[in-house]
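Got a structure for you, written out below as structure tokens; questions coming shortly.
Think of it as A, B, C and D in the order they're written, each chain with its own count starting at 1.
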Amino acid sequence: MVSGAFVEVPAPVRSREACAAGMTDTVPASPAPWQRVRRIAPPYLYLLPAVVLLIVWTYQPLAQTFVLSTYSWNLVPSTPMVDVGLGNYERLLSSPELGRSVWRTVIVILGMLPFTLVIPVAVALLTRRVRGRAQGVYRALVFAPMLVAPVAGAAVWQWLLDPSAGAVNRVLGTDVNWLNTAGTAQLSIIVITGWHVVGFAVLVVTAGLAGINPDYAAAAQIDGASRSQVTRWITVPLLSPTLAFLVLMTVLLSAQWTFPLIDTLTQGGPVGSTTNLYYLLWEYGFRSHDAGLAAAAGVLFFLGFIVVAALLTRLAERLSHHDD
Amino acid sequence: MRGKGAVAVVSRIQLQGLTRRFGAVTAVDDIGLDVADGEFLVLLGPSGCGKSTLLRMIAGLLPPSEGRLWLDDTDITHLPPQRRDVAMVFQSYALYPHLSVARNIGFPLRTRKRPRAEIKAKVAEVAATLGLTDLLDRKPRELSGGQRQRVALGRALVRDPGAFLMDEPLSNLDAKLRAGTRAEIAELHRRLRATTVYVTHDQVEAMTMATRIALLNEGRLEQLGTPSEVYDAPASVFAATFLGSPSMNVVDATVRAVDGALVAEAEGLRLSLGIDADIPDRPVRLGVRPEHLTLTSSGGQGIRAIVTAVENLGSEEVAHCDTGVSVRGPRPLGVVPGEAVTLSARPGHLHLFDHDSGRRLAWQAASVPQPV
Amino acid sequence: MKRTLLAACAATLLLATSACGLGTESTGSQASVSRVPELKPDQKVSIVFESYNFGQAGAWTDTFNELIAAFEKEHPNISVTAQKPQGNSANPATDTISSLQSQLTAGSPPDVVQLGFSDLDFTVNQLKALPLDDLVGKDTVQANFDGEEYPYADSARTLGDWKGKTYGVPFVFSTPMLYYNKQLFTQAGLDPEHPPATWAEVRDAAKAIKDMTGKDGAYVDCLTKAAKDWCFQALVRSAGGRVISEDRSKLTFADPPSVEVVRTMQDMVRTGVMPNRTQMQAVESFARGDLGMILESSAIQGTFLKGAGDKWELGAAAMPSFEGRQAIPTNSGAALFVFSQDQAKQRAAWELIEFLTSERAYTTIATKIGYLPLRTGLVNDPDGLEKWADENPYLEPNLKQLEHLEPWVSMPGASYLQIRDGMMQAVENAVYQGANPADSLRSAQEEASALLPGGGK
Amino acid sequence: MTTDEVAGESSRGRRLGGHVVLGVLSLACVFPIYWLYATSLRAPQDVYSLSVLPWPLSTASYTEAFAKNDVLGMLFNTGVIAVLSALGQLLVALLAAYAFAAWRFPLQRLLYLMFVGTWLVPFQATMLPNYVLLSRLGLLETLAGVIIPTLCSALGVLLLREHLNGFPKELLDAARMDGRSSWSTLWTVVVPALRPALAALGILLAISAWNEYFWPAMVLQRSNAVVQLGLRSFMGTEGNDWGPLMATAGLACLPVFVLYLVLQRHIVNAFVRSGLK
């Protein structure tokens, strides 16, 4: 009778075990310090110019604004800065102007959505219907206002909206002073801003549509969906990341877009009816020379926008379908 | 400096304790390899096993978390890729889209500031080797998949590197082209005898091209050996089931001594191991390749099973049985679904693995070692 | 919320590392300003002159460039750089203070600045314009007012004074005038040679024009935020009230006279004889011949004349009065202030002021731009403005108004602009947007009173 | 867009409907621009005319604009600012986007948020500190003062990063293997492949720099050095000088329109192909 045993065939040599057996030299890899630096440094070096610029021209001023918001000061060097703690914030939050301007900003944002969302989606879908050169021509025409300088655009519109000599009133047969009537000034600003940005939004939506794999629509059609069903059930939902981006952009930038127009056309008036958040900030800082109040307003807006942006980004992430 | 000749000089790649972690995940775990000069080593494993990570560490594209690397006698662990004498062929070929074929192939030489005439000559030579001469002025997007693949190869060849690294270079080709290119690469390797490390998850590529296979699983080296060693004596259940199609049948069984001889037993299964010995019962995992099972008339010793399906592979047939066991043999096998069969195998074709660790078990006689 | 936290961390980090770069680098107290010596003949100085008149293309800029060239020729050692205020308002005159302020903040104010009388308190007390009496001596300042031949009008001499010291030399100057379109008057069956003298007559005339010609009746450019408050003050004074108490300690613009003014104006809008226009639209409309009458600064006369051309004839009358009262005009316009921090520049700045307020300069300014010459005697000077005055029938009512002129009172304190804007916004809201005059003014006065130094108590 | 190829019901009617809606919208978008040029070409006495075709044509407004302002000088200055600013922004953004796309490194997310965060900072809040800083650096009244603070364009960084993320990483690896440093890889591999996107972004940045007027107004106080400010000089309390105003506005927009007409396809394509998603 032969006896013996089953033994495991050993796995290939692993250095940690080998090391324990004292067979090989396994000094752990640790590069020389300069090599480490060389390996880690490149991305930071590439970012350096941009970050320096960001800090110098955006974040350092922002930090100054934080500091300034706790002082009462009229910006004149010979006048001492008085530390008022949170006094500026209290004044700001108790001022009725703030609430009114927030409300106006919301109106502007809501008023902009047709121009940044509804019309662009409609146009982008419609341009798919027409073929060939016409497609490009329409797109180019709609985009053209984007190229007009805000001041030039403001000048033309001021001319078109002139109460007695303007084309709009004569065509409509009305006698409205569009820019100097509390009810219509805001509307005019929204329409002009919308005219400016609609082409850009169309471009973004077109890009989004082009990014959707046409197989989905084809599949849906084979599954029996009509064109409008494809649009409603497939195309638009798949477009939602783009739409979310546009909403985010509208919310964050609307007040900023309207600024040059307000400054040129209405100066926040008549009777404050076009004074939105940014224009209010501008008035505090540059007309009332209330540096502390303006800084406090700047800080509040910044923090508020962070919250809004974070919420919207979350929403956008939840909405987006990952089309990989 | 390499000579102008096409043949590479001695290049040996050594890996020691190479480890790479991404956060908490260890992608490559303590791997040691010694790739001899002129060897064609295939890193084989399922996707996610760490083979590409390992290759990228050899290339220098990824710094290892631990361990060291040598090329010949130089420690290249911390050398940036451009200073390692290795060339790489990427899965997507990574051809520069804005450069012509000639410029793509000549790119590595241009970065080394070689004289224009030399680059031209060298590119022409490589293009001739690969049959790309007529395509030199085209842009990558004007090439077919196979042509792109060859350009990528050419870009590696043109440098006369110490070693070639290839990352699944055939995975983007269709089946027919893949077989042809496989043969071409193998032929190229025979001619150049250049050290090559080749990553794939395709066992056919590994079996046909490799001088040695390094089988990876979950970042660890599972087995290292020639293709026949890996196929004929898989070191673990993983190795056994990864290679071969259909994969090896592995069932739980008990080794027990019956009348002084060892048999593997399970329900409806009894196979002789061909070893005369007397040991206590031992639970094992028993493996046998489908092509090593033979159909015997019922009643004999073996595996009893009922055929559930028969697959026609053209020259061969595979019968799948209710116990999960499959049999492969020349067509026709002569069985139909529903038929009860008994399958037998020669003791030499049986593989035993430890029930818990899954490592291969070798029989060691008390005095004389005995191969299984 | 991870992003938010990260961003907040970043902000805090930056905050911690950043030094406060703004403010507190005080230029020292300016309690006393020492007398500056005369410039040596070879001493080269360059100064910056900021004037809102540079904002506009055309006559204004050309005239000022001409004056500066003449000055540099006369003072070869002084070179003057002219600049307009920063900012983009349709009316550059509204940008003056903010522009000066940001330059002060940056530590490099212009040397001579042209600022409105409405900003006087702020200019002197907050921006610390230099007292000219201390800088060059009271005698010199007064000698300049006396001039070589024609002294300043008495009512103009002290407009740039604060507590007995002269800080600014009044420079350009205009009064509210009622301009009217004679052609429209004729078409409406009105007598173009007898312009309305009271607001009731204005209303009737406007109604006639509106009814007969379909054009707009009258516009009073005193009732919007953009118009500032100079001629609103005039209207309120003419109605027997004040917008602020005489000692400037209490706001009174919600008192009955002001409410009455606003109500009168509101009625004109409500009855359709006064169109809802911005300042700019109204001026344009009048220049185009689409508006019968406009109460406007005499500084804009040039535009009207140009607009009228040979299409219609411009008429000018004194500011209308309220029934049974004397109309009391106020002046708009600006004075020249010095902000230099260097003695040589301070002296050079004074030289420039002397030149710009000289007889010669006024002759140029009056003829080319249309501002009233503050040296009123010039209009009787055959070598001066006599010829121009003869050719310019619009000048007479303007000069006549000087008799009853009262200064434009600046609002007090650091928040003077908010007070002024709040008041004018209430006026605008009532007149053009239909709010109740008394309520609107009262609530604005309550809000603004809190902004007075000492909270208006 | 292949769905349109599918044989459809009443596709001619649908197409017509599309043309009608798009036509009306395009008209609405273009009409103000047309009106601008039409007004600028009217004779001075016809400025208030409402005829659709400006007739008789007159260049009087242009003559006046040129007489009152150094329009050519302004256009040149604005052009210099637009080109330098766009190139600078492009370079800075390219480097930063390259860093974000080609490496994984600590603080990456935070740094990225710093760029996104600039959209949340009200420009009105940073304007004055920036002005003070420029004054300390002695850059007031210089074109450099206009350009430098705008050099870091968050939009540029985000857009290019988006493009670079779509760029095959293996190409970067291949270039490294072939012996390029990361710097030379950037210029020999990344930039050529990214050329269309860079061109489109560059044009957009140049256009927005061209149209910028707020900041130039602050820095270039002593002159109407950019054409947008030249425009302002025709607007004022005395009423707008519509003829020359429209003429200057027309001239201010002209280079941008020409640029757009010539490169329209590239701009749109660069956006459509990748970029904003």
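Note that in this section contacts are C-beta pairs under 8 Å (C-beta built on N, C-alpha and C of every residue); 3 or more make two chains touch, one makes a residue touch a chain.
Quantities reported herein were computed from a predicted structural model and do not represent experimental measurements.
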Computed over C-alpha atoms, the centroid farthest from that of subunit B is that of chain C
Name the two chains that are joined by the greatest number of C-beta pairs in contact. A-D
Centre-to-centre distance between subunit D and subunit A (centres being mean Cα positions), rounded to whole Å: 17
Distance between chain centroids, defined by C-alpha means - subunit B, subunit D (Å): 55
Subunit B-subunit C separation of Cα centroids, rounded to whole Å: 90
Mean-CA-position distance for subunit D and subunit C (Å): 38
Of all residues in subunit D, the ones touching two or more other chains: 48, 114, 117, 128-129, 133, 213-214, 232, 235, 240
Considering subunit B alone, which of its residues make contact with at least two other chains? 80
Touching two or more other chains - residues of subunit A: 59-60, 62, 64, 75, 151, 165, 264, 286, 291, 306
Chains touching one another, given as label pairs in label order: A-B, A-C, A-D, B-D, C-D
Across the complex, what residues on subunit D touch subunit B? 168, 170-171, 173-181, 184, 189, 192-193, 195
Tell me, which parts of subunit A touch subunit C in their complex? 55, 59-60, 62-64, 66-68, 71, 73-81, 151, 162-165, 177, 179-182, 263-264, 267, 269-272, 286-291, 306-307, 310, 313
Which stretch or stretches of subunit C touch subunit A in the complex? 1, 3-4, 7-8, 10-11, 14-15, 17-18, 20-30, 87-90, 97-98, 101-102, 104-105, 107, 126-128, 216, 224-226, 275-278, 281, 284-285, 288, 290, 414-415, 417-418, 421, 425, 428-429, 432-433
Which positions of subunit C touch subunit D when the two form their complex? 3, 6-7, 9-10, 21-22, 48, 55-58, 61, 81-88, 90-93, 99, 102-103, 105-108, 279-281, 283-284, 287-288, 300, 302-303, 307
Note which residues of subunit A are touching subunit B in the complex, please. 1-16, 18-19, 24, 26-29, 31-32, 35, 38-39
